[in-house]
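In the two complexes below, chain A is the common chain; its partner is chain B in one and chain C in the other.
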Partner chain A sequence: MTDSFPKKLVFKDSLKNFLFAFPAIAIFCIFYIVPFIEVFRLSLMEWNGTFPPPEFIGADNFIEQAQDKLWWGSMVNAGFITIIALTFQNILAFALALACDREIKARRFYRVVFFIPPVLSEIVVGIIWQWILYSGMQGGEHIGLLNYLLAKTGLPHLVHNWLSDPKTALACISIVHCWKGFGWGFVLFLAGLQTIDKQLYEAAKVDGAGGWNVFRHITVPMMAPIIVVVMILTVLGSMQIFIVMIAMVGQGGLADYTSVPVLQILFSMNGAKRFGYACSQSIIFGLILICVSAFFKIISNRVKQA
Partner chain B sequence: MKTTNYRAINTFKSVALHSFLISVALSCLFPLIWMVRSSLMDPETIFTEKSLFPKAIRLVNYYNAWAEGNFGVYFLNSVLYTTAVVVGIVFISSLAAYAFSRLSFPGKNIFFYMFVGAMMIPLPGSFVPLYVLMSKLGLLNSRLGYILCMINVGLPLSILLLKTFFDKMPPDLEDAARIDGCGRLGIWWHVALPLARPALAVIVIFNSLNVWNEFILAMLLLNDKAKMPLQLGIMTFQGAHSVDYHLLMAGLTISSIPVILIYLAMQKHIIKGLASVGVVG
Partner chain C sequence: MNKISAGIIVFCLFIGLIILNKDKVKEKSPDKVILWHWLTDRDKVLQELARKYKEQTGVDVVVELYAPADSYVRKVTAAAQAKMLPDIYGNVDTKETFANYIRSGQVADLTSYFQADNQAWEASLFPKALEGNRFYEDNIYGVKPGIYGVPIDVTNMQLLYNKKLLAKAGFQNPPKDFAEFIGMLKALKRIGIPGFVSGWGELWLVDCFSSNYAFNIMGEAKVMATLKGDVPYTDPDWVKVFMVFKEMKDSGGLAEGIITKPNKYAEQDFALERAAFAFNGSWCVNVYYKMNPRLSYGVMLPPPVNDKFPMMIWGNGGSSFSVNYRSKVKERAVDFLKWMTAKEQQALLAKETMNLPSNREAVADIPSVLSDFTMAMDATTHPTVWKYNENPIVVERFYKGVQSIILGDKTPETVAQEVQEEKQKQIEREKRINNRKNRAK
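Let's look at the complex of A and B:
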């Protein structure tokens, strides 16, 4: 009797404590954990989303996926955008951060302006750029600003159907993606640069190190962890790009030259009505993303040890 | 002689540096300026006139977009969703973070690592099973359904940020409140929440921007025009009136103004928050 009384109290106490976390755990279990498990179950099914009910087909979805040229083509497109973002966008972000990490005029202004594109929505960004790159004509004038300027500045041979030509559409989308994204890298790089002790630079100068050597032997090693974080975020963000595409070339942009994996998943689900196949695609894509991030982590650990 | 040479080189360097920075800054601002100027143009001349300051300025475009283009409804829906989701996230995540940081109950660590794990594992197609679940729950085309989904999206990061904050909070304050007769809930409300204001600011700003700019879940879950938020409304408008670029641009401007104002007012918090998110990620 005397033993069970405190036990009951302890139980009541834990229960009250648990109630604090309960709303979060409940929402999370319903809207994250359940779908997470469902993805694996549905990936083994053939299902059109309504009736007839899901039919078990084993690993057929995964086998089909391995041979799906559209799917792997979309992966190549996303890879192309990712490589452009990793190089062009991140180098630009790093250069801008270096330029702003010193006593220059209007530093605050630049910092504020560079982060405006990232706070805009992808839909807004996509449509504005689609409007600028518009390729039609009316009354003998180019509608899109870019083509108009090209024609007026004596470069009419460069006028182009930017977003409907397979050769340029993906490149244009990549550049818009970089335009929207470089501000993130810039802010993270700048935050990193500002944590580097300025005395290190002074000491290097006293030792007679030139600009390049200071950059190579102080800035880059000190920045390595942040560079890795930015690269992983860039890969995850660029591989999963799709809203900018919906806004720039429409969902009918499913012609294989501008398709990306998330659009393929969306199409498997909403267009082809194959929910099981969409789930198997999202599992494989998730695994690829995890592998790529892990690859960057391992490389960075190697570099750290060296 | 030599000093002037150095000075010339320095001036040259600084001019080159600033022209680089200014050209990038202009490339950030120009598309927005172009959007606003297109939103003020006459539908007759918008396709042919290219001056930065058009001759006739039509403010009535904004009225037409708001009323006839349905952007008024979309805007109010976005305000509703953003407010509801952010308030929900602030309460739910701060209660949970406080429990994870200060209270004890069985399974506490498992649940906490579940949230952390959710942030580490990318699941790009998670909208597929989520859509299935929502249709089973009868929450398709429901405001509540969309709000709950968006609360879930914001929870893990918010809980993680707040827990790290509560972990650093001095326990003396809580002891003092306890002596004054505060219960758990009282301590959370009177001590923990007020102290966590900087972290809460970051959470409010980031989640507001995230909900305001969200597109994909809205597209999958909501198909009634009366319930759509702005981003989905813009795409719906574009699909129905593909040539009304003056109204479309007015719609884009309506959607962007709140975001830019919040950003300009709160940019210090945003930069600080980004750094902490970067460290977490």
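Let's look at the complex of A and C:
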């Protein structure tokens, strides 16, 4: 009796738990697991999306992808944007979060202002920046705001064809992407900074630690988990950039200089009508992102241990 | 146990709601005709026509807009895959994709409707307007011969010139040939007027422009032989086609940022007199009128490089609609399209949207500014009527190559070589697929 009662109870509890979890599991399976299996199945097929039906071709799509210079070129472009975002965007976000964490005037106002870019639509941001960086002229005057200001402030030699020059196009897009995205990092960093016990800072000051040492030995280690989260989110967001790209240089892009993986996948699917190839590109791209995220997670664990 | 029961009841209610809603969607107004389109500029007038049609016939036509065209294509593709296309839908994809839809049983054959009453419906429309929707005997797509779509207007792509800006540069007439055109671009550049603008940030406009010159430089037969794979892109005539872009670049007459410019910005540039020439379609009459009603401009065929072959421009049925073969209200859908292409409705469409009507009887009622565009209808061609179409991956490489020429990164010869390499790659891939199919058979 004493043995059977707990068993029955455990079964009941398990059943109850399972029933409550079932809707979530069902939704997860329908909207995540099944599509993923379907994408993997299609990646082994040659299919134009309509007719004739998909035809099994084994790993051909993956082999072709491994040799596809344009695909890997697009990965390099996305990597460039990601590196800019990881450094410039996150340093800016961290610095602003540090500033807003202090007792400064109108800090609530700054918090709102810094969070405006992330809530704007990417397409709107892209179009606004396209106008700012526009290089056309009318009646001898520059139409784009940046070139207009450069010309009016005695710097006409800096006037440039920003979005149609391979040397500047990707950098401009990266900066706009950072401008759009730094607010997320700012909010996370600020939230993290506010969780650090102020007594630690006070104790350090009593011990005679300077600003740099406090930052290095207290702020950074305590913020390490947040920094890793922000870095992972930055990598995922930057590698998957495409809307700002379309808004600023059009879907055609600037030759191959502004091609990114998501646009390549879109072209394979909609332009070239190669659904199977697009699926294989998606899988490889997903795996790369998982590997990068795992890499940051490992680093985070090591930092924690240290 | 009460909690378990409550959980089960909530879950059953959830599933029940989904099932009930599914049935509701399935049985959604069986009398209504659902129409999908991407024509932002024509949505208002299409809604108006649907309202009129209901007044006259009592049949409810629901017009649903999904724009821009890229998003629309994705929606239609997804609906076709799920076999959930609406009763009427606009065709915006390539002829090959259209053929795939037909072969997968998603497009109704309208030939019998067009040929009823001694071909009355067919005869009322411009023959060119129907070409994109027609499949002839022994077509390469393996589609049963017939007419599978209804054009509601016709378009063509031409060169436009700003009379005032040309006069400023000392020109009273548009250029007669390409050499004169380049001379004009240089002259315009000298007085600080950007010469030429087009939405070359969009692949299809470069494809169209280069195709015009390919027809002019080497003739239709050689273009088709290239598409078939018999003539390489490294052929001197194709290098001449790439040279067209190089000469335009070297003249200094291309608008700043032309290779990343979407067509809507290019239209803005021409309408606001920021460029003397533009390459655009007949719909631009409406666009320019809205932006600058006082714009004084003319229409011409792109100036030819030589007179060996005629200049052929893109044009035919501008916007076409197909009827879903699986539609439960197929007859009603066809009736509505027939009504929409009748003279009165076509005149209204042309008046409100300034597009060329597909009904030849409605031409008398179109705004005079459009008449110049109609004069070139005989010189039109389109990939949808060609016997062969280029692989989209090769078209993409061609486009990127043209961008590289304009950027000054590559020479026409290098680009021709790269395009040919991609063509060869795609030919080999197709061969592999066919071999695999044959082995499977």
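Please note the rule applied: the second predicted complex is superposed on the first by the 272 of 306 C-alpha atoms of A that agree within 3 Å, B and C clash if a C-alpha of one lies under 4 Å from a C-alpha of the other, contacts with A are read in each partner's own complex, and residues count from 1 in each chain.
In this section, contacts are C-beta pairs under 8 Å (C-beta built on N, C-alpha and C of every residue); 3 or more make two chains touch, one makes a residue touch a chain.
Fair warning: this is a prediction, and the values are worked out from it, not measured in the lab.
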item: Simultaneous placement of chain C and chain B on chain A, clash or fit; value: clash
item: Chain B or chain C, by number of chain A residues touched; value: B
item: Touching partner for A:299 - first (chain B), second (chain C), both, neither; value: neither
item: First (chain B), second (chain C), both or neither touched by A:16; value: both
item: Partner chain(s) touched by A:91 [first = chain B, second = chain C, both, neither]; value: neither
item: Touching partner for A:138 - first (chain B), second (chain C), both, neither; value: both
item: Partner chain in contact with A:166 - chain B first, chain C second, else both or neither; value: second
item: First, second, both or neither for A:63, with chain B first and chain C second; value: neither
item: Touched partner set for A:155, first chain B, second chain C, both or neither; value: neither
item: Partner chain in contact with A:220 - chain B first, chain C second, else both or neither; value: neither
item: Which superposed partner A:76 touches (first chain B, second chain C, both, neither); value: neither
item: Against chain C, colliding segment of chain B, chosen among 38-46, 164-172, 200-208 or 218-226; value: 218-226
item: Set of chain A residues, in rising order, touched by both chain B and chain C; value: 15-16, 20, 23, 49, 136, 138, 143, 270
item: Sites on chain A touched by chain C in the complex; value: 12, 15-16, 19-20, 22-23, 46, 48-52, 55, 57, 60, 64, 134-138, 140, 143, 161, 163-164, 166, 169, 248-256, 267, 270-273
item: Of all residues in chain A, those that touch chain B in their complex; value: 14-18, 20-21, 23-25, 27-28, 30-36, 38-39, 42, 49, 92, 95-96, 99-100, 104-106, 109-117, 119-125, 127-129, 131-132, 136, 138-139, 141, 143, 145, 148, 179, 183-184, 187-188, 191, 226, 229-230, 232-233, 236, 239-240, 242-243, 246-247, 261-262, 265-266, 269-270, 275, 278-279, 281-283, 285-286, 289-290, 293
item: Of chain B, residues touching chain A in the complex; value: 14, 17-18, 20-21, 24-25, 27-29, 31-32, 34-35, 38, 47-48, 50, 91-93, 95-96, 98-100, 103-106, 108, 111, 114-115, 118, 121-133, 148-149, 151-152, 155-156, 159, 184, 188, 209, 212-213, 215-216, 220, 231, 234-235, 238, 245, 248-249, 252, 255-256, 259-260, 263-264, 267, 270-271, 274-275, 278, 281
item: Touching residues on chain C, where the partner in the complex is chain A; value: 1, 3-4, 7-8, 11, 14, 70, 73-74, 77, 80-81, 96-97, 100-101, 103-104, 106, 192, 194, 200-203, 255-262, 269, 272-274, 391-393, 396, 399-400, 403-404, 407, 409, 429, 432-433, 436-437, 440
